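In what follows, structures are represented as structure tokens.
The two complexes that follow have subunit A in common; it is paired with subunit B in the first and with subunit C in the second.
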Partner chain A sequence: MNDLKKTLTPAFIALAIAFAIASVVLLVSGHSPLTAYRAMWKNFATLDGVVTSINVGARYYIAAIAIAVALKMNLFNIGTNGQYQLGAMFGAVVGAAVKLPAPLHVALTLSVAFAAGAVWAALVAVLHNTRNVHPVVAAIMLNGVASSVITYLMQSTWTNFKNPALKEYGSTRPIPRSGQLPVWKIGSSVLQSYVLLAVAVGIGFYLLVYRTRFGFDLRASGGNPGAARSSGVDPKRMVLITLAISGGVAGLIGMGIVLSSNDQLTYGDRFPGALGFTGIGIALLGRNHPAGVAAAAFLWAALDQGARGLVTVNITGEIAVILQGALLFIAVIVYAVWERKFLAATIRDAAARTAAARQEAAAA
Partner chain B sequence: MSNLAIELHDIVKRFPGVVANDGVDLKVETGTIHAIIGENGAGKSTLMKTLYGAHQPDEGTITVNGSVKVFRSPKDAIAEGIGMVFQHFMLAENLTVWENVVLGNEPGSPFAINARKARQRITELSLRYGLDVHPDAMISDLGVGQRQRVEILKVLYRGARILILDEPTAVLVPQEVDELFASLRELVAQGATIIFISHKLLEVLSVADAITVIRAGKTVAEVSDPSTVTSRDLAELMVGSELPTPETTGSTVTDHVMLQIAGLDVPATAGGAGVAALAVRGVSLTVRAGEIVGIAGVEGNGQAELLEAIMGVRPIKAGAIGFDGTDITHWSTKQRRESGIGYVPEDRHRDGLVLTFPLWENAALGHQGAAPFSNGPWMNAAGSRAFTRQVIEDFDVRTPGTDVAALALSGGNQQKLIVGREMLTNPKVLIAAHPTRGIDVGAQAAVWDSMRDARAKGLGILLVSADLEELIGLSDRLLVLFHGELVAELDPLHITSAELGSYMTGAKVTTSA
Partner chain C sequence: MITTLLDRWLSARWQRTVASFLGFVALLAVAGRLFSSRGEDGSGAGLTGSPTVSTALGFAVPVVLAGLGGLVSERAGVINIGLEGMMILGTWGAGFLGWHMGPWGALLGGLIGGLIGGALHALATVTFAVDQTVSGVAINIASLGICRYLSDIFFNGKGNEGDLGTIADSPSVANFGSRASVPFIGDPLQSLEDRHWFLISDLAGVVRGLLVDVAWSSVLLLVLVPVIWYLVWRTPFGLRLRSAGEKPAAAESLGVNVVRTKWIAVVMSGGLSGLGGAWLVLDSLKYQQGMTANRGYLGLAAMIFGNWMPAMLFVGAMLFSFSQSVGFQLGYESRALIGAVGMAFALGTIWTGLRRKVIPTVLMALVSIGTLVFAARNKAINDALIKALPYVLTLVVLAVASKRQRPPAASGVPYIKGHAG
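Showing the complex of A and B:
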């Protein structure tokens, strides 16, 4: 209980400050913050608003978990943006091309997406391990390379038909029914079963990181590379596997869009292009914890959803982006301050309890 | 009447549920070296933090040069001329001596540092107090002893006349200790006052003008004339029981070679091949079952690199390593550890612990592939916790439990945890660097006992230590490492610390036996 309070308090402090900042911006630009927030709330607090937030939140969640896995060993996989787009494209191409019974079809498509992301992220590790390229630099470069690769492949004939309605590189063929993830109608809204995939990824993340030997090595490498090495962890192997997992998870980010019948069912021009970067912010906000990230992902998606309501009161939706940005910025600061405070308290507490135990022993 | 620089009267400092200082009195005369001794957790640090203004006492008074003071922060203490020299150096490696000294207190305008003035002031200070450091030397080029002098200069530069030194000799070899003590005497001769915190009783006896012994938060003795007491008396005052000795009894050395190193060359920089200078050159040695082989050497003569090479953490350039009859030269660190090579690394914070991990996870570190720490791919938290409780009990690790983060423990208790986890996992060979560094007298005995017991059961130990008494007392054979080469093999039964010291500095180079 106490722990929960300790974890949640800084998040709420950050949220309050972020809303305060956004309010100032609104006031300065001559709008009433109250009007704005009421409009946002109105657009969110409907069945459709909530369901959409959950659907979008699920992909944000997976995007953030991809980041969090690597961050657990202090690796910053800034390349998830390229990895998820490659995953989505290859997944969409393969998913549209094969004919298989439903569960296998979906499993194959997801595996291809995972593999594409994993291989692309593994390149970062290979560059780092063999040529000593900094992972962040390698990943950023590979983001650029990924978009070129995608443009090239999408324009070449082997992947797709050109969508005559669209000018650029068109899109892949739609995924047939057997390859789709189920969706559920709730009133007029549609909930994607991709949400369950996000839940599974979250549970998998938790078990892997906190319960397995691999996760132990991973966290040890992040906590103290020297000690991890002395304990027998091979740092190069660790970087390779961790980045591959991170990239593989990233490969799944776009699959809700590709595989849900209420969504695009293709990879193409209209595919969102920055989910990877959004994931970075959400991972930070959720402190890389499976539950924290879930809350952060939902909050982020809810703010997105609310922002769409701003147009009804003639306020630009960018105020939500300011809100998100401020939230992230403030959260990082508040968490750092909180952590320090908490750390000092831990040390004091341990010292006190040790001394108390000793005095008890001495008295006995 | 005597002239008191510091008088702490009846200091009480409470933390939630406990009294860390319970009526401590301390009287330090101006122009003296005053030692404060006590076990880990006796309340020395709490007391020094009070004096240094890091926290306020709940009761009691602080009197500096005759007037009562209240310190709200270390700034207030510095303003009264009280400066602290910490055990862990806080120096920027890539800056020069003078830059480090003035850091945070730069003379000149906000836009330009008056370097000439700074150098002048530092030269003046170092001449005056006999602290021989060149203001333009880079910190990265300096040895441990010189770095410590820079730390002292930093404090003096800020106008301190009363210096608190926290275990200043922990990182020094005997010759450097002598130099430090000479500097301290010079400082005192110039009117400064020094408060010296230490575990090393012989050193305390040799340098202190007066001694205060603290046990369980209380002042238990004040010794105004150290020539009237022995180190044994002090130790008994400190722990309230008898002083342990590191001596091993009888030889348990067998013929069975557990560790064999032949012609080992290790480059100085990790990963550096070919051109890099060698930190270890042509080292060959054997450790047999039931044998403790001690390696003596001034810090930085290749000990760290040798041990890291044996553990497979650092690449080697030439040579072979054999373990229990198997060539393990190309084995990974993991294979080496899993096959039974225990490791107590030199720097516990860098290589021994993950400070943010709880104790039970730290206890698994290095053994995470085996029971009771893991079960197949899964970690076994219950098994690790049970093991950790055993370590806590056997090695007297002072902690509220197995689930606190390692960073909450004092250095000595962290060290006990590391030694305990290595000893209780029953290694065949133990590679140990400074196993009792920072551990107090009482717990040292437990560590030595466990090493002796394991040796009797056939453990081979390669021991590196800066504590020469420990090295001489525990080892069956002593090897001296100088500039990366083994220059002498000595019989610990027939050597004194002083003699060993001269081998270590290269003053004496003969190979006997």
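Showing the complex of A and C:
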């Protein structure tokens, strides 16, 4: 069996089971699954539906890659919610405050967002390394602190003003034209160049994890921490760097919203707040692989988009959330079982080969 | 005769417990005076006022229950990040059954909701040996969708006129009619508290907050702290449970059914967390989406703070909920609490200083001076900072306490029957 088939089969099994579960839920609540799925497909399979799914999927992709980097060494960066909001806020404030030529302006804003997320995530690493605080708990607490820090900073006049476009909502000042990421009009829909940033992040992730010394240490620390340590990898340094990278990438999650002219162009009260958790789900679904995560992010966004079409047939859009949740839960089970099946086969293979070799040696 | 009895009662641990309780109250009393935890006209509950403490005790309940859930599960070797999701399922179950059947129904519903979440986690982690953190996070994400979908079907537009459910909340749920008090002590304690005598009134306020006018749901659920301790440390089942979390292979070789033990522990863990959700529903008098507000994770933090032991877990939850409760008061209290933290660090500075540990002493002295100056200079604390206080305090406490901890040895290691070497 070739590798691609080996990777894709469990994903499709999980997808099939998840759809089966959602269908049962729909049937039990008195709806026809076919009607529901047709309505979802109809809302997705238009130019606007696909472009929106790509725009949103890019956001999800970056959110998931932030998680995946840390997961490569079995670290759970559950603090991306705080990290990306801080990144978006600082990015938006700096982006609105400076005047620079376009490419520099965008680069500066993105760097600020990256740095804000990285610093906040590094706090988790410092607490873990020096004081042995559980990283998941530290990150959750820092999420709580982050939202307070944001509320506090947004009270000051240099960040906050009453945005006429958003009426009563407080927000940062809008990003001027030179600081915006370009957008492309395709018919009546708008594709954000933020998508390219997502592609770059994906390629960067691939090169970093699979083609550098650091990536090797990263995977070694995740796979066998003891062996990694004896080969000279400093675990504390790995935790610090990995979490900083993860947080930095997380800092970019909201920048498509902040920097695209068809979106908010600000950070404010109406900024989405839970993209980090979505990212976790997508990273797990895509098995932390750059291509797998891309497929999962697009699927997730497509389900979101499809769900908006369910109103037309009087079905609650939340069935998409059930579908996403069931898919995630089933997928992690199927992946684990599938992996073990191949692990067992590999071990049996190796055992058989050893036995055969031993027999040969005995015969000779 | 009396002295031997006293000796037996005040064994070393008791003495330590009572002494630290009194020391804590004294610290708060001093801070409350130095940084005036009431308004100039005497308004506000004060740092040691019974309303502050009573609210703190209530806030602690769901965190304690989630923490107990985490404890039972991790003692059996299964990390449970999914407590938050199980609590969410518990709040929905409590909202549904509570709306139909009253307060007992709410407790039952919370229990059932949590049990279902626990069973999902057990299925994934024990039967299929999925990575435990991964499964927990999946449950947290899935539970949000499940509850919204169920709300849309069972709550949206249902209920009486003026009390209709929506996709985000249930129709109202009735709480228990009365509240519980230890008899005869309420009035004397209140008159003592109202005198504003240094230390004595403070102590009266704290004791009154803990023992008088407590919600029945809090009483019923806090009883589970000693119950779980007894179950896990004093019964044969508890021994099996802990052996499954320390060395499952050895346990299995002695005839313990490790898989079944873990299943029971994880399902029970979900039930406990779900009961915490039921407390929230009874307190808010309805189910609301997002009402758990990370309490599942806070329970995990309390469990780690308590070194996987129930009594200290309760203390950890109380520390968090106390600072949260302080934030709910008028605002003078927050300032005094920051002052109290500064004073605690000052004591820590002396403690490490006497032991000539240079770096910790310098660090503690800096933190101490910083917080004390901040508390002295700011009459009113910014709302945003007050909201951050419980989280910051938890981090500080964990940073101080986490070094000496010992989690169950096999916690987080998937166990496959007969596979362990």
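We adopt the following convention: the second predicted complex is superposed on the first by the 339 of 364 C-alpha atoms of A that agree within 3 Å, B and C clash if a C-alpha of one lies under 4 Å from a C-alpha of the other, contacts with A are read in each partner's own complex, and residues count from 1 in each chain.
Keep in mind that, in the parts below, a residue touches a chain if its C-beta (ideal position, glycine included) is under 8 Å from a C-beta of that chain, and two chains touch if they have at least 3 such contacts.
All of these numbers come straight from a predicted model, not from anything done at the bench.
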Checklist entry - Just subunit B (first), just subunit C (second), both, or neither: which does A:Ile322 touch? => result second
Next on the checklist: Taking the superposition on A as described, I'd like to know which of subunit B and subunit C A:Val119 touches: first, second, both or neither.
Outcome noted: neither
Item to check | subunit A residues touched by each partner, larger count belonging to subunit B or subunit C | outcome: C
Next on the checklist: Looking at A:Thr212 after the superposition, I want to know if it touches subunit B, subunit C, both of them or none. Which is it: first, second, both, neither?
Outcome noted: first
Next on the checklist: With both complexes overlaid on chain A, does A:Ile21 touch subunit B (first), subunit C (second), both or neither?
Outcome noted: neither
Next on the checklist: Quick check for you: in the superposed arrangement, does A:Arg131 touch first (subunit B), second (subunit C), both or neither?
Outcome noted: second
Checklist entry - Once the shared chain is lined up, is A:Phe76 touching subunit B (first), subunit C (second), both, or neither of them? => result second
Checklist entry - Does subunit B (first) or subunit C (second) touch A:Ala102, or do both, or does neither? => result neither
Checklist entry - Is A:Gly223 touching the first partner subunit B, the second partner subunit C, both, or neither of them? => result first
Next on the checklist: On subunit A, which stretch or stretches are contacted by subunit B in one complex as well as by subunit C in the other?
Outcome noted: none
Checklist outcome for this item: In the complex, subunit C touches subunit A at residues 81, 120, 123-124, 128-131, 133-135, 137-146, 148-149, 152-153, 167, 294, 297-298, 300-301, 304, 382-385, 387-388, 390-392, 394-395, 398-400, 402-403, 405
Next on the checklist: Applying the document's contact rule, which stretches of subunit A touch subunit C when the two form their complex?
Outcome noted: 25, 29, 76, 78, 127, 131-134, 136-138, 140-145, 147-149, 151-152, 155, 277-278, 280-281, 284, 316, 318-319, 321-322, 324-326, 328-329, 332-333, 335-337, 340
Item to check | subunit A-touching residues of subunit B, taken from the complex the two chains share | outcome: 15-20, 41, 216-217, 311, 313, 332-338, 343, 345, 347, 349-357, 361, 364-369, 374, 377-379, 398-401, 404-405, 407-410
Next on the checklist: Taking the touch rule as given, give the residues of subunit A at its contact with subunit B in the complex, in rising order.
Outcome noted: 211-217, 219-220, 223-224, 226-234, 343, 346-359, 362
